[in-house]
């Protein structure tokens, strides 16, 4: 009886064919192709053209890499994004730790407060920071009124203002990213460390932080790429002299109408982010391995 | 037939029988409070005379609109657009703007030929402004008469300048160049040198006219360069400001009406352009928007005659730019501005 | 003379209206292997957490060697703890895991190495000092957790069902080892389990808990559990 039951039924139909298996991928692939791959391809192609000459040329690329301004803009983009990545991660970590571990009744409120600003939108919040940071803004007025300073501090229309604004806008994403990583750390590990004599600070230093390093890397990566492609905040809080790739691209497309040059900048920005992403994900994978988790 | 089929076919016929497409004109023009002015002065009379509806699109500066026209190969979705002579020339060269002729836009013949030449055959000059010196009447001891007054010590830290993304910046540099011994296009060094000095005495740079305006309205600055049309509107709004055409002269802003080559409603678009250039329309426009006109035969109020460009004599006081030369210099000047002028303000 | 290592006096823990531990009293003499036996939800793990200091009692007192533990955080209680899932630090080697408590006590390098060596030897793991927890078997992990807990020389060791993740044969072998370690070190073991056989096999004293109260306390050798006054204990 059991022997019969185990015999393979040769009349059973085969599983779905190769084509059928891949069928569900067609709609998203088509969308990606039409709205991503093709326009990207067009943009790359555009960077090799010149409006007054026909055929492919590297003229716009030559211009980009020999021009002091575009190179400074690129450097500024990297520095700005790097600073934001660090600030976001440092500020997000304690908030994420609290949200991951706390059982207090304030947890839901803190969570809402962390995410809620996103509802207001980037531009609104950036202008809000302008009002707070500018020379006649809230902070400077208060400090002058208190007699702490005589001249206003330059808090806006520079790197400082932009980093503050971007950190604020990107912080919720950092918190969510770190939260995932922190929730993956077994609370018993912290308890074990504690009972072995570690103070809360030691627990965080020796146990929590090392085990969440992949999460830290991914938070920094996320903050970096969001920063590098940001337009509104650097434009509004950076002021006239603060040029990053995103604002330079805007200018080239809409003011100078030099689309070839703009395409070069966009490609450089893309490659920059791809490189950082590649380094980041490799690092994250290596760290996971090293942590033996 | 079942009720659902009746309802469906009624809806379908309603959708397809919509009469909007043929008799609507989409005009891309001034935004904000100025929308009302153009509506009263031009759009409503046009709608009444031609029995059509004008759909208003306020989005975009001149260069942004041109970028849109270029990106869509001449089919941006609007039929008529307000830009400047620079875009008119560029658009003609790129083949993206409709060429006007005495047949299609008869009123072109009444415009000052010198000004029309600056704009080229693809631009109909419907408005002229000049760069004026706007100042706070309550903060400045005596009304300034010269552009050099901006450099005075008592105005240090009380001046704001346009950023290079605002076309005013390039024009101002050209003007300063002429005043300081150079010229508009090739010998531009004196202009940059002057702007660098002026930047050091300013509070900084802003791009949008509305934001620039706010600085003088709330008293943070006491003097600034500004187009005369908006300057007059500020005066009329009750702000304690006034403006002058300084003794050295000025540069014009030659605003134009343009029709993209792929406009859907071209016939009506050309009619609109011609209508805007009518004597009566120009008179309403001058009085309403407080600007000047390229038509020499209009009859306007004394105030408009005094303060706006309405005659040949007025035009003679202006330095007419070579816009093609400006276009080719723009990128290099932009970098020079970033390199020399912007750092001076910090 | 203070003979008791641990005293629980009128100890209670409530979570809102939920009374997890209800007014228990218990004296545990020094050097004994004591099991707390009961089904899940009886409050045994909560009691353990309170002794360790992770949970504050709602009312009552905990004294360790005569000292009231109220307000003393876990890191200063000088107690060892072995978790059910071992909770070994995955990013540290076996040696580094075991050394952790000593490192927190700021002991010198040489002393740490020495003590780690000794602790690993007592659980027969000295040859695995440089391995990572991921590379160890369940039994090896369990012994590492034990070595880590005893290395800083606590006077008291708490164990929360440490053998429940192991298979039967291993469990039985580990029971013997645990008992040996306890007798060798001479420290008090408080062992939480739901397995009656285990409790009987290892303990000097068994404390039966049910629904937050102590139902019975007795020595497996002394009394007979066949005549258990509590039905759950007989299972």
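For reference, chains read A, B and C in written order, and residue numbers begin at 1 within each chain.
Keep this in mind: a residue touches a chain if its C-beta (ideal position, glycine included) is under 8 Å from a C-beta of that chain, and two chains touch if they have at least 3 such contacts.
Given the structure is predicted, the values throughout are model-derived calculations rather than measurements.
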Centre-most chain, if every chain is reduced to its averaged C-alpha atoms: A
Chain at maximum distance from chain B, centres defined as averaged CA atoms: C
Mean-CA-position distance for chain C and chain A (Å): 46
Separation of chain A from chain B, taking each centre as the mean of its C-alpha atoms, in whole Å: 39
Chain centre separation in whole Å, for chain C relative to chain B (CA means): 83
Parts of chain C lying in touch with chain A, wherever the complex brings them together: 52-54, 73-81, 83, 85, 87-91, 100-101, 104-105, 132-135, 148-149, 152
Residues of chain A defined as touching chain B within the complex: 67-69, 135-136, 154, 157, 239-241, 243, 251, 253-259
Touching residues on chain B, where the partner in the complex is chain A: 61, 63-64, 66-67, 70, 90, 163-165, 203-207, 220, 330-331, 334-335, 338-339, 342-343, 345-346
In the complex with chain C, residue positions of chain A that touch it: 186, 188-189, 191-199, 202, 206-207, 210-211, 290-293
